[in-house]
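The letters A, B, C and D name the chains in turn, as written, and every chain counts its residues from 1.
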Amino acid sequence: MKNFLFLYTFLLLGLNSHAQTANLKSQVKTDTIHSEILNADRAYTIYLPKGYESNTDKKYPILYLLHGLSGINSSWFESASVKQVQDQLAASGESVDMIIVSPNAGGNPDTEWNGYFDMPGWNYEQFFYKEFLPHIESMYRVIGNKQNRAVAGLSMGGGGSTAYGQRHPELFGSVYAMSALMDLPENRNNQTDQNSQTKRALLTKSVIENSCVDYVINATEEQKEALRSIRWFVDCGDDDFLLDSNIDFFRAMRNAKIPLEFRIRDGAHDWLYWQSALLDCLPFVSQSFQR
Amino acid sequence: MKNFLFLYTFLLLGLNSHAQTANLKSQVKTDTIHSEILNADRAYTIYLPKGYESNTDKKYPILYLLHGLSGINSSWFESASVKQVQDQLAASGESVDMIIVSPNAGGNPDTEWNGYFDMPGWNYEQFFYKEFLPHIESMYRVIGNKQNRAVAGLSMGGGGSTAYGQRHPELFGSVYAMSALMDLPENRNNQTDQNSQTKRALLTKSVIENSCVDYVINATEEQKEALRSIRWFVDCGDDDFLLDSNIDFFRAMRNAKIPLEFRIRDGAHDWLYWQSALLDCLPFVSQSFQR
Amino acid sequence: MKNFLFLYTFLLLGLNSHAQTANLKSQVKTDTIHSEILNADRAYTIYLPKGYESNTDKKYPILYLLHGLSGINSSWFESASVKQVQDQLAASGESVDMIIVSPNAGGNPDTEWNGYFDMPGWNYEQFFYKEFLPHIESMYRVIGNKQNRAVAGLSMGGGGSTAYGQRHPELFGSVYAMSALMDLPENRNNQTDQNSQTKRALLTKSVIENSCVDYVINATEEQKEALRSIRWFVDCGDDDFLLDSNIDFFRAMRNAKIPLEFRIRDGAHDWLYWQSALLDCLPFVSQSFQR
Amino acid sequence: MKNFLFLYTFLLLGLNSHAQTANLKSQVKTDTIHSEILNADRAYTIYLPKGYESNTDKKYPILYLLHGLSGINSSWFESASVKQVQDQLAASGESVDMIIVSPNAGGNPDTEWNGYFDMPGWNYEQFFYKEFLPHIESMYRVIGNKQNRAVAGLSMGGGGSTAYGQRHPELFGSVYAMSALMDLPENRNNQTDQNSQTKRALLTKSVIENSCVDYVINATEEQKEALRSIRWFVDCGDDDFLLDSNIDFFRAMRNAKIPLEFRIRDGAHDWLYWQSALLDCLPFVSQSFQR
């Protein structure tokens, strides 16, 4: 009998090594919101910190975590173990308890709308600010001020995070952009094809129109001052094919005297990179929250 | 058209950012060996470094990478991205080109044999040394000496790696044990049930009989000297329920004056820990290879 | 002329790469307090964060940073660049602005009193709590509550930090002990010589009498509960000759169900270790401050 | 008596925790070479690995480690603990046993010649290749081939390392440049003053004439092919005032399809940065040695 006891315990612990009573555990849920603006249902995946169910008076900071092209709302959770990473960092004190939410802004780019910006026929950015954010922050116990709200993302979502910070410095206290699609070479080379109306073509056009690099270069002094109210972190691999536009963004920010943290680490445009970036991202946004 | 070009490139690179011609890429294959000793087929998953197909004269060092209880041959590759990690570390020079192979020694512990030791009715260790290792090292271009052969593993596979190093110091130049099942508390407390004959019970008994801690404590001076010919690395999380036996092992090794590297990092008994341990393991075994 | 401009700038920046106006810079000062209890003057070195002089209404958290045997008040600053490290970590957000103070508790152990405990003829601990801490916290703008007060140290100062936390859980929100002298083997072996009255012998006796390991083993349930109100971090090298007592301390804490972070990293009992430990210590205590 | 024993041991170990018999220890020596070319004596500081004195048949790889402007031969050893760092990395296997030598190429730039290039009246580069390198490699047991020779340095020495690798790819297997003076803004702006003949002015002119960025931009295909025979690592802080020219160098290398590792880490132009860069540099050059 003792053997059974051992092996039962072993397996159990192996699968769930921080035993917790059920309502103290962190949890990940997927839900759907109907958008009038998009005329479509949109799924989102949300992480609620341990104790969320029992401390019913407590409000939390929130991180909007954006996926990349062809990703969906569950991508961060499935490919980078967001729940396990945040549970561990919160346990050791490196990050604070927070809500993390990923909205769906993608899927197969041949058949699904992708992207975080407004495009003809798909006003995603309007959806985000007029429907999604208010819905989340009323449904869940979110503190709801600039200091306790952050946005981060990878690739297309890194560009989305940066542009969202640029256009809404009153909403976000910190931005962490990973391997970000800050701009497109087509922009610099005036190569865009203005006629194609496929979802891909419209996305491409929207990325160029919302170039994060051009935004900084063209910013007024007032806009620059607003950008200085955000804590910025830009992180890209030395083998990433998007590195060049990240360097352009960094140089534009430095020229504009807007402080930012900038890192080039070993790696390419892949989940290995984003898994390790997440270990820096969660402490970074935590440093802004509740201080 | 230019838009299409961009998006095609983007997706392609996003999925496969280090483009390589086909026969230069590293590859992961799964195959099966029939064991006379076990009277069963056993699967294994193997990583072959880039250039393996084209440099047909070159021989490589080899790492035997052992999974844990209820894991199988593909676990390391699926849950810790062995291919992507080794590709990246080899590209930056932190590890050398090597063959990595995981044999199946597990599955559902209620119905499948688990474990790396001989048990009544399942002589896995005999299979490993008489059939599996010779098969692999004749099928693939392996250098085949102690210096260029390593063994590593997690949990049950960490104990397996350690015991394999202990009993075959002539075969392995380095051992890296993660969150290792070095022994069982039942051993210290004389609590084992001698009668149960389930696969679980037999595994438990085999772990105690092959206690890595007792082996060091009881080693002759000659055996200790042999253990000193191996480079040892033991790595366990501060929240791991197996930490105690890892500390016992460390203390026994230090008492016996057998050098080893020992680390306690933040973490528990889970894939987050093993993913980051792999980043240390591959460079560590590489330091032994080809020097 | 342009050449001169370049080289002047180059050197200047090379020596002082974050130019700041004078009263915004962080500063390190050394001062002296006269102790009635010790009947002696005692020096201390103190770090004041940038902006301390200009934000005259702001109060700060405080870290008491204790040196080791034969060290003095300036040791941490000279051998581990406390000012430069804290300036950089605060700039990137990894630590918060704080005051850091090192009192002198040592020097040449053949001629000077060493140690953080009361000894016959040298009641250092009384001095610390009745004179030093009140003096510092009235002279400087310290927040002055448990949450915003931490103690950390290396070797003899790591043991001092731990014992201070144990006896004053109402004062300290976090403790970070590096390579700590938690106890002495003489204690376990009943080997102490009770007769010698040299400063060395009295120090040895005081370390044993104040064993951090025994304190946990013998703690009442009420004392254990108080210890749980502190965030603990214990960090020791795998080649440190004091590792054994750190492991004993860790095991005693786990048996008593008092949460702590525990790390064994590569290294020995030297400044290389403490320099890298400082990079973890300052963010760790910052996580407690002002949250 | 036992107390004395303890404290004696404690101190001794505290100061020298890896006890070794004398002729097995690593050592650092300073010596002087007379240069006919410079018509001056030049000091150098050299690290010899443990066992150098006893294994009198063994030859070693060598790292030339270059200091920055106003530094001298002892700077790396005094400000970045080269001996202690290399001892520890070699003990854990992260680096291999090697000889490390720093020649004096600086001092007070108002009164002393600084720089690694030939200048009117001070042909330092000729001295390095015709006198210094041959002297060192005949005086000490150096393997003496490209694979087992590396060059690294900080700031002015990072530029020196890069230029030395560029002009002598047949001599160096790897180059590690930290916070490197790759070029000067004066170069891009055609601002140099051609008339001043001070040591500072001549140094400035020599840096521009030997621009590491221009070398890559203007390299012939044959030169590029030679540059590909070196393993390159370029590492610069995000707050370093020299970062721009490091980015220019990186982009030039990528355009020329010459592989290199590139990192931007947190930090400025100071010893904190170079201390941590050394922890990557020694393993990186070790990966090239003896493989």
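We adopt the following convention: a contact is a pair of C-beta atoms (placed from the backbone, for glycine too) under 8 Å apart; a residue touches a chain by one contact, two chains touch by 3 or more.
This is a predicted model, so every value here is computed, not measured.
Counting steps between touching chains, the shortest path from subunit B to subunit D takes 1.
Centroid to centroid, with C-alpha atoms defining each point, subunit A and subunit B lie 35 Å apart. In this assembly, the C-alpha centroid of subunit B lies 41 Å from the C-alpha centroid of subunit C. Looking at subunit A, one finds that residues 92, 261, 266 touch two or more other chains.
If touching chains are joined by edges, the resulting network of the protein chains shown connects every chain directly with every other. By the touch rule above, subunit B contacts subunit D in their complex via residues 92-94, 96, 231, 261, 283-284, 287-288, 290-291. Interface of subunit B with subunit A (complex): residues 1-4, 6-7, 10-11, 13-14, 17-18, 68-70, 81, 84-85, 88, 91-92, 109, 155, 184-186, 191-193, 196, 198, 200-201, 203-205, 239-241, 266-272, 275. Per the touch definition, subunit A reaches subunit D in the complex via residues 238, 244, 247, 250-251, 261-266.
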